[in-house]
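Take a look at the structures below.
The same subunit A turns up in both complexes below, where it pairs with subunit B and then with subunit C.
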Partner chain A sequence: MVDWRKQRADRDARIAAGRAHSDGRSGGKVVAAASVVDLLEAVLKPGDRVCLEGDNQKQADCLARGLSACDPAKIHDLHMVQSGIVLPEHLDVFEQGIAKRLDYSYSGPQGGRIAKMLYGGQIELGAVHTYLELFARYFVDLTPNVALIAGVSADRDGNLYTGPNTEDTPTVVEATAFKNGVVIAQVNEIVEKVPRVDIPGDRVDFVVEADRPFYVEPLFTRDPAAMTETQILMAMMAIKGIYAEYGIRRLNHGIGFGTAAIELLLPTYGERLGLKGKIATHWALNPHPTLIPAIESGWVEQVHCFGSEVGMDRYIRERPDVFFTGADGSLRSNRAFCQTAGLYACDMFIGATLQIDLMGHSSTITTNRVAGFGGAPNMGSDPHGRRHPSDTWMKAGREAQITGDPALMRGRKLVVQLVETFGDKLVPTFVERLDALELAKKIGLELAPVMIYGDDVTHIVTEEGIANLLLCRDADEREQAIRGVAGYTEVGRGRDKAKVEELRSRGIVRRPEDLGIEPLDADRSLLAARSIKDLAHWSGGLYEPPARFRNW
Partner chain B sequence: METLTFRHTTTKPLGGTTSQAITGVVASGNLEVLLERILAPDSCEIAIETPINGFGDVWEAVVADFVARAQPGGLRISINDGGARPDTVSLRLLQGARLMEA
Partner chain C sequence: MALPDPNAVSWYEATARQRLSAFLDAGTFVEFLGPAERRMSPHLPLFDLPRAFDDGIVTGRGTLDGKPVLIAAQEGRFMGGAFGEVHGGKLVGLLRAALDVKPDAVLILLDTGGVRLQEANAGETAIAETMRAIVDARAAGVPVIGLIGGRSGCYGGGGLIAGTCSRLAVSESGRISVSGPEVIETNKGAEEFDSRDRALVWRTMGGKHRRLIGGADAYVDDSVSAFRAAALDLIGHAPAFDLATLDAEQARLESRLVRFGDCRDATEIWARLGVNDPDAIPSMTTAAFAETVAGVTEASHDAR
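For the complex of A and B:
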């Protein structure tokens, strides 16, 4: 007789073992913060697949500290499957022998340390995924045995309020709870009744009242005070040469000063060009503080968010016509849905990168930093499954199509790289060969960690100009178009000047003067807000900047 | 500290009549540019004081591109560099030329 319920029996046994550490009241779901290590050692088994919720912003930090304090003699060889490697504890568990294998998406703040540990063989790497890709694998072959998640509050039945940073939680819980896994949530407080139910209590097995509120990384705050004239010039070129020409209304912006500058130029430069209502109306975007002036000026119709941003909660609450909010009034974000929106419903992705090669392949991985991908490869790719037209998408499709039946033409998503030719410390952005290839060789990766493949990139914008790769007709034109905007980097200075001028005459390479952009306009006075304080003023005092961004 | 001087011949004088302009600041990563209309209408001289040695070829390329783009005939341009990136230099020079055209 086949036992079809082995996983269920295993799950029941784990929960029974965990219950021994609860406070014993009403069903025994609530566990004191002091008992976290005991709870984890009771529930976990060696070799388990574990999602320790490390999102782009929200961190299950109390549970992370608990896991890293477990006895490696009892808990070892865990396979961590989580989107973000953000906290030191996320890597400590590998040093201590508690965890062995890793599948993840993004490791921004720990990029330097993870590179060292990968080189040193302390981490057995499965793959670096995009968010959607990792979420997809949660439902196919990387389903967690145990999920350690974070919320703002819970009631004693386990009903969970995630607050504005819902992020990955519904996806992680869906995959774990419905496939015989155990879900443990840390919350800032246990309450009688949660403000709204983001995760129903029957999907949550244990609730830990954390010793302090969970950590949220303010990842999307860019201080306008640090914006340079070069970034303003690039933003002007992008608005006039791309947003206006393609009539881009549905879009996603990556992280970075260039895209933040665009946000701050919409109510000034964009207004002057008469573009209000014609571009940048519908967004898949985190609630960037730099979008406040555009929202307040009536540019933005709606924004769906991956997560929230520190300090934006009150502002969002007061702008429910723009943001997705719950019955309680606070933001409801959802990374899986917003990534899907960015992939299929947006006509353009624009973001920055650390390296671009001669074919337009880009990577944020350098020999000493493995930052991972996050969502950029999904949003920064042309989804071949798209089946709905838009003027923007069709125009890009026409530019790209050179042969074949026009009746069978499909559109193209615009994928724009907005980069300065030199990064920090005069490190060139344009390179002959990506460092990612060296890394792949060194740690034996079968697939080089390319963030956006060249064939998905449609435009590159630098301070020198715009290269339209859709219009390039062969590899040589593409290379010269890229060299033609690579400024004074070696790649840029290695250009065939005559060929670049020929590309310029065909509109493939365009300079600020070709776009009618006045260099004197590239001035900080063009920014709708010139400081964090200005942003707070624009919001009518609703935006509450985190302490590190306050200088008043 | 390095001092570099480049002399170019232009096909035409820079438009406008402004005799002198100054733009930018001597700050880290920035530069100050003084432009004076005191040379023959077909010549341009650019003198650079930079704290960073060894980038003469980049300066030469930046200056040559600027001269080709702006045709700044008649100008003597003095640059007080604070370690600016080439793109900042390029933008600042173009802004200076626009001020002189006013």
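For the complex of A and C:
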């Protein structure tokens, strides 16, 4: 007789073992922070697949510290399946032998260390994913046995309020709780009644009252005081040469200064061009503080968020017509849904990168750092499963397709790279060969970590001009279009001048003057806000910037 | 909340040349050793660093509401407004010229991180010579007014120079100190001073704090017109430069140490100064802050 309930029985046994470490009251879900290690050692088994919640914003840091304090003799060979490798503890567990295998998505600040550990063989790597891919695999072949998640508050039944930074939690819980897994949540406080139920209590097995509130990184705050005139010039070109021409209303922005400058130019330069209501109305975007002036000026109809941003909670709460908020008034973010929205419902992604090669492939990887992908490859790709038209999408499709049956033409998503020809410390952005290929060889990756493939990129904007890759008809034109906006980099100086001029006459390469933009007009006075304080003023005092961004 | 007047020229945003042209009476500025003369740093090429034709400081004469003044403006965007040999030499020369020209005042628009590391000896010498020249000018009856509200603040030797001026005007963005936040953190640790906590930096070194403890004599909005009005006012109220003034400054500095030496945060100092709600100071408007300052006696002494 087949036992169809082995996993269920195993789950029940784990929960029973964990209950021994609870405070014993009302069902035994609540566990003191001091007992975290005991709880984890009771619930986990060697070789388990574990999701330790952490992404580019919030972190289940109390549980991370607990896991790294477990006895490797008891808990070892774990397979970590999580969005973010961000905290030192996320890698400590590999050094200690607690974890062995890793499937992840993003590793911003730990990019250097992770590269070293991969090279040294301390981590057995499955793959580096995009967020959506990893989430998808939670439901197919990377379903966690145990999920360690973070919330703002919980009641004693385990009903969870994840608050503005809900992010990955519903997805992680969905995959774990409904497939015989155990869900352990850390919360900042246990309350009588949660403000709203983001995760129903019957999906949460244990609640740990953390010793301090979970950490959130203010990743999306860009100080307008640091914006340069070059970035402003590029923003002007993007608005006039791309946003206006394609009538882009549904979009996603990356996190760089260039796109933040675009946000700050909407109420000034955009207004002057008469574009209000015609562009940038519907967003899949984190609540960028630099979007406040555009929202306050009536540009923005709605914004769905992957996560929240430190200091924006009160502002969002007072703008429910714009943001997705719960009955309690606070933001409800959801990374999986917002990534899906960015992939399928946005007509444009625009963001920066560190390196672009002659075919337009780009990467944020340098030889010593594996930064991961996060969501950019999902945002920055043309979804072949899209079946709804929009004017923007169809116009881009017409530009791309010159052969074949026009009745079978489909649209194209605009994927725009907004880069200065030289990046930080005057390192050239344009290269013959991506460092990512070198790194892949060095640490034995089967797939080179390319952030956005060249065939998905439709435009490259630099301070020298815009290259429209949709209009390029062969690989040579494409290369010369890229060289034609690559400025004084080696790649730029290697251009065929006559060919670039020919591309320019066809509108494939466009200079600021071709767009009617005078570079000397690119002045900081065009920014709707020139400091974080201006943003706070625009918000009517509702935006409360974190101390590290306050010049007062 | 009202937005700042977008038409006002922001002191913080403006370049040194933009500040000068909007600050002085229109069309009166005459530059000494301008960029056309190419008096550039002889040291920077050794480090393969770019040079500026004016070495990051603009010097000259002009009038302010009709009064003849000598004036210098540091360009905080060139090497953080730092002092090098030529940069310092231009300022010292301007101050020494005051002894002959006898203007109504010398105005220094400070915007500096201190001494340029690449020409440290020349820079340190320039700081010392500047302080000596300021003292000589003041002794000769020419007030020297410092105006501080730029990107680079007023740090290192710039902080020392500020301490020798007759009067100082500062905006919220202006910071006055000798050791900068990163220097303190490097030497004493992030526990002692977290340079990334910018609210802490501003509480400790910012314009409002300096005004409250009397380290600056006027607190102004971040606009060229506000600095101009403050400068005109301060020229008329420069203190005498004599032994009595210096003795009084020494006594006040000593008593400041005694009174506030054990405070761990500027808010504690403000509370001891008699400010009712110290935590409200950072977000106060200029008008509300002026009222608060009016109730604080320390704010009106000459000690820096």
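Here, the second predicted complex is superposed on the first by the 552 of 552 C-alpha atoms of A that agree within 3 Å, B and C clash if a C-alpha of one lies under 4 Å from a C-alpha of the other, contacts with A are read in each partner's own complex, and residues count from 1 in each chain.
Rule of thumb we're sticking to: contacts are C-beta pairs under 8 Å (C-beta built on N, C-alpha and C of every residue); 3 or more make two chains touch, one makes a residue touch a chain.
All values reported here derive from a predicted model rather than from experimental measurement.
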| item | value |
| --- | --- |
| Combined model on subunit A where subunit B meets subunit C, clash or fit | clash |
| Which of subunit B and subunit C A:549 touches, first, second, both or neither | second |
| Which of subunit B and subunit C A:522 touches, first, second, both or neither | first |
| Partner chain(s) touched by A:493 [first = subunit B, second = subunit C, both, neither] | first |
| First, second, both or neither for A:73, with subunit B first and subunit C second | neither |
| Which of subunit B and subunit C A:537 touches, first, second, both or neither | second |
| Subunit A-touching residues of subunit B, taken from the complex the two chains share | 58, 61-62, 69, 85-88, 90-91, 94-95, 98-99 |
| Of all residues in subunit C, those that touch subunit A in their complex | 1-4, 6, 10, 12-13, 151, 172-173, 196-200, 202, 206, 208, 282-283 |
| Sites on subunit A touched by subunit B in the complex | 228-230, 233, 420-422, 426, 462-464, 487-488, 493, 513, 518-520, 522 |
| Partner subunit C, residues of subunit A touching it in the complex | 225, 524-525, 530-531, 534, 536-538, 540-541, 547-552 |
